[in-house]
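One chain, chain A, appears in both complexes that follow, with chain B as partner in the first and chain C in the second.
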Partner chain A sequence: MSESQMTNLVSFSEGYGSQRSRFNFSPYVFVLPCALFAAALLFYPVVSSLALSFRQATVDTFVSGDMPFNGLTQYQAAIGDPVFWRAVINTVLFTVFSIVFQFTIGFLLALLFQFEFPLKSFCLALLLIPWVLPLLTSANIFKGLFNEAGLINQLLHLAGNRPIPWLADRQFALPATIVANIWVGFPFNFVLLYAGMRNIPVELYEAAKLDGADYWRRVFQITLPILKPVSVSVLMLGTVYTVKVFDLVWIMTGGGPANSTHLLSTYAYQVGFSILNFGEAAAIATLMVLLLLILNLFQLLMKPR
Partner chain B sequence: MRQVRVAKFRRASLAIATLALLTLGASSGYTETTVEVIHYFNVEGQVQALADIQKDFEKANPDIKIKYTYVPFGELVSRTLQMAAVHKAPAIAAIDNPDVLRVAKSNILEDISQEVNKLPIWSDIYPGPKKAVTADGKAYGVPIGSNSLALYYNKKMLSEAGVEPPKTWQQLSDVATKTTKSPVYGIAFSAVNTEESTWQWEPFLWSNGGSLVDLTSSNAVAALQLWVDWVSKGLASKDALNWEQGDVASQFTGGRAATMVMGPWMLDAVKKSGVDFGIVPIPVPKEGAKPVVPLGGECWCVLKTNSQVEAAAMKFISFTEEPERLRKLCDTFNYISSVKNIAKQQGESNPQLVPFVEQMDTAKARSEDGGAKYPEISLATRTAIQRAVSGQAPADQALKESAAKINSILSKN
Partner chain C sequence: MISGLSSSRWHLTAIVLVVTAILLSPFYWVLMGSFSTPAELFGTHLTLWPKRLAVENWSNALSRLWPHVNNSLIVSTTVSLCTLVLTVPAAYALVWLRPRGGKLLFNFLLITQMLPAIVFVVPLFVVFSQANLVNNLFGLALGDMTFTVPFALIMLCAYVKDLPYELVEAALVDGATQFRSFVSIVLPLTLPGIITVGIFSFLIPWADLIYALSLVTDETLQPLTLQLYKALGQYGIDWSFLLPGSVLTSIPAVLFVILASRFILAGVTRGAIK
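Right, the complex of A and B next:
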């Protein structure tokens, strides 16, 4: 070994050795609680649910704990059932329509609230009610509204129309739940977009105004482009929230009539907790996460680089 | 300085540890067994009745403590399984009778055949409730009480329409036709996407000689066609597809239905509403036929724990099943006793219960169709009910598809 290499080695060991003895643990200690929570409440359930989806976990095998590994059998059983595909289509329709309307309504309302008008803050508080109300309450209110003797049918009756069995008819039940979900979710879109708009410097609008841009031109060429990062976050969060909607649909239709309004979430619940086929329910839940990833991927493509 | 503090701390912790050991020793010296009872009873009267029994029982057995654990109806079975899977099984579970055999199949219930044979009431239990808790000659539970379905009718509406309370399907359809007058429907029932719809349809299916494991039979088709006709002719609201039984009862008490398919547990609510009503047995396909209704109600089941807890659990069950106490329990629960003698007494003191009591002789445990697989079969059946009633498919077609599904369920090991 040459002399220069020797000195190199010495300086190496000196330099790093001293640093190692002063190794700073504190950042890791601060991260630890969060990491533990994430491991216990996120990582563990996700992994064990994934593991469960490859096992024959039914009433008979669950308690004894010997749930035999049987590969993709659960997935085959899940995708072999037409109700599953109905649930996939419903979940996509439910999500797309909910998000499009929630976002549009939220955006238009946010525009409206850039103007000053009497009782503005009162209306602002009022708009948050759907978001603040417990979902159980909203779902039951909408169940009542769409009832045969409910308010909507009474209005139809006043207008001289026959009552429509909204929630008991295959054609109307899913749209009815979507309407309810739009109502529940639009304030979320509104609040974030409203806050985003407040952050746009007024000078931009003034300059555009001087250049002769009319109101809608300013909306499309200033507000929308600047809001793009906010919009993408709103849409992604909204998608996550919407794909996993469960209680609203479960209360309003229970997946009926004749399984026509099942979402993946309600269907997984039914398979898991009515039939007690935990393995297949886990498989459906896994596929639901996959669907969510695909939907989010689409939105990531929209994200500004 | 530091040394001293550490020593002090050590001494203090030693003292605390000794104290803890002493108290532990004291409590384990006195043998007290805790019997955890998991259930979903949440009506005020039920809760009170359970609390009363607990008080009396603990007074008579100071070495046993009863601990009630309430869970929502839909979670009882899965929660019980979970608790058993992590070796924290409750001592007793009050399981809905169609679920008993399924839970027994998971091997967490104790076979209590010997113990139940010692119960004085066991030999006097109706055949239906007994079948719900027995498989291969082994008993896995003791019925608390039963309920079933009959036909409530609005006396005023029927007399205004000039019709008598119906005994047969034909008469029932006739009554429904004559009493339907917007906004009143002739009949209300539940065809919702839960067990409730299968349960409400079973009286018609079974009284017509049908079975859930043979849905393609003409008996089954006729029973479903009956429901389909009511809805398609406008005698019943299409909203039945979304009504739970509570909603059905409010249609009746709100004067929007002339008759309804309903159980004894609604008696108090209907009485309170002030509607002048009567109850008749479920109408049958032809005059003279016997109505066959499904049995509701829970059973005490003993879970596999250890011999001491199991013995204490059995003691509690025997205590609740002593005739006088059982009568009181069933009365407050608005249940018909599963014990013949007690049920007859209930009918004598409350004439409105008579149709329910009369039906008990022929009443059928739901798990008689499919055993442990009943819940899955019921799920497939209600899909057919909903498809047919909502008009998505003709009754025979809907039943045929569900029958295929049921066959594949039955052929699984």
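Right, the complex of A and C next:
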């Protein structure tokens, strides 16, 4: 990186000497289409969403197009709704449990893949499947597995237990969606931790082995400490992706039964597109970004400096 | 390597294969389920393999879904190509030509990756419904590009950084224009990265639900995912249609992972760790 910056600097000063009269416009031409897109379809919506959250944007005002400013009304309406708080708690539970299990499974798999063995890259490719599957497919798979007559209840039956109406039960529906999300996300954790472990010098392990450290001691005293920066990145990225999860829960439960599985994302979507209150949906979206910042701050504090 | 031994170890392969089989069993279930009758799949007894392959599930699903496969293909191809056209030159310029404001653009795109989709969906729905871009495949493609453009630019910047820039400089000294050296040197050298990013930019809109759900109500324009989502009534799901449809939706991604896992690995670890 620093070397390439140097060559860049050298070429810049050379260019400056020989062609000082000509303004080099080509970098701007290369960037312009992308910058225009970013301005119109990314920057504008972010600002507009924030602005919308302070306006009364419901079906009637939306059609007439005036959308009057009404301050914090949308935020008050959102915060005053018990479903909002249910969604906040669910989002935190969903994120924490998903991340803990995804990370643990990913870490254990990465430990296993630290060894060399035949068919390794084949198994690695297969293990990526849950992560690249369209969420619609994964959601439908788990909708089937957690069906009242689905595979999980068939297994419970084999073990002599009564069936559980997973997705129709207010207690069990959220855990079922978390299991689905763990399945979707473990490969991502696995792959990044695996890549991180490959950068650990083998000599460290060999030296520790000579000193008589057994396998698990080497894992706890070499692998884990060296992997800490990578782990923090993985956890932060995981948090960002998990708080954003929409499709999986929207397809599996639609936020139900009786709003018991709403995440902030599904709740905001329902307020926006089922109740057609775009202003309040935008307000919830803003609060969601705040929650994301808080969760990430926690993890930043853990980051070694 | 942790044990210091790297000889062939089939017993480890056996362990890993068992673990892989357990972890992939939900995917096996949908493959098997797409060839089963619902009565068999959701009976009281566990079935590991259908007694009779219900091929009619697939022929029914294919004939119903074919027009929507077509919509998905149009949208995904458009998104993938437009994303590359916007981001490949931009990534090259951001890394090597350093225009003013480039860092700002990059950081802004990085931040948008953290924002929930709803932040973009609501305002774009408002604007698109005034601009005739609702119920319009190009409008849907534009929406999907809010996912792919930031992602593609970030990943491409990581690839472009590895470019041997001396080659570009040599061409410039020989009198080639920036555009010419971009086309004849930068593009061929970053081709693996461009292909990987192009495929991801195809798969993301292919799997999208939220924009399709918000921007397309016209039945004939609905992409595959939305059509399948519509088949999920609250009661009485037609599994003999839903499961083959779900497998059909997953085909591009599964093909990609089997054929190009090496590229995905390189891409993911580059983008996330650097």
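Methods note: the second predicted complex is superposed on the first by the 265 of 305 C-alpha atoms of A that agree within 3 Å, B and C clash if a C-alpha of one lies under 4 Å from a C-alpha of the other, contacts with A are read in each partner's own complex, and residues count from 1 in each chain.
In this text, a contact is a pair of C-beta atoms (placed from the backbone, for glycine too) under 8 Å apart; a residue touches a chain by one contact, two chains touch by 3 or more.
No experiment lies behind these values; they were computed from the predicted model shown.
J.: Both complexes share chain A, so when I overlay them there, do chain B and chain C fit or clash?
T.: With chain A as the common anchor, chain B and chain C collide in the superposed model.
J.: Name the contact category of A:L112: first (chain B only), second (chain C only), both, or neither.
T.: second
J.: State whether chain B or chain C is in contact with more residues of chain A in the superposed arrangement.
T.: Comparing chain B with chain C, the partner touching more chain A residues is C.
J.: Just to be sure I read the superposition right, which of the two partners does A:S274 touch: chain B = first, chain C = second, or both, or neither?
T.: A:S274: touches chain B, not chain C.
J.: Counting only touches as set out at the top, which of chain B and chain C does A:F220 meet: first, second, both, neither?
T.: Neither partner.
J.: Where does A:F62 make contact in the superposed view: on chain B (first), on chain C (second), on both, or on neither?
T.: In the superposition, A:F62 touches chain B and chain C alike.
J.: After superposition on the shared chain, which partner residues are touched by A:W85: those of chain B (first), chain C (second), both, or neither?
T.: Neither chain B nor chain C is touched by A:W85.
J.: Classify the contacts of A:K209 with the two partner chains as first (chain B alone), second (chain C alone), both, or neither.
T.: So A:K209 only meets chain C here.
J.: If we overlay the two complexes on their shared chain A, which of chain B and chain C does A:A149 touch? Say first, second, both or neither.
T.: Touch status of A:A149: both partners.
J.: For chain A, which residues belong to both interfaces, chain B and chain C?
T.: Touching chain B in the first complex and chain C in the second, residues 62, 143, 147, 149, 254, 272-273 of chain A appear in both lists.
J.: Mind listing the chain A positions that touch chain C in their complex?
T.: Chain A residues touching chain C: 1, 4, 7-8, 11, 24, 26-28, 30-31, 33-35, 37-38, 41-46, 48-49, 52, 57, 62, 105, 109, 111-121, 123-130, 132-138, 140-145, 147, 149-151, 154-155, 157-158, 183, 186, 188, 191-192, 195-196, 202, 205-206, 209, 215, 218-219, 223, 230, 233-234, 237, 240, 243-244, 246-247, 250-251, 254, 264-265, 268-269, 272-273, 278, 281-282, 284-285, 288-289, 292.
J.: Applying the document's contact rule, which stretches of chain A touch chain B when the two form their complex?
T.: Answer in residue numbers: 59-60, 62-65, 143, 147-149, 165, 167-170, 253-260, 270, 272-276.
J.: Quick one: in the complex, what on chain B touches chain A?
T.: 74-75, 77-78, 81, 84-85, 102-103, 105-108, 183, 192-194, 237-242, 256, 372, 375-376, 379, 383, 386-387, 389-390, 392
J.: Could you pull out which chain C residues touch chain A in their complex?
T.: Residues in contact with chain A: 1-4, 6, 8-10, 12-13, 15-17, 19-20, 23-24, 26-27, 29-30, 33, 41-46, 85-87, 89-90, 92-94, 96-99, 101-102, 105, 108-109, 112-127, 142, 145-146, 149-150, 153, 161, 165-166, 169, 177-179, 182, 203, 206-207, 209-210, 213-214, 225, 228-229, 232, 234, 237, 239, 242-243, 246-247, 249-250, 253-254, 256-258, 261-262, 264-265, 268-269, 272-273.
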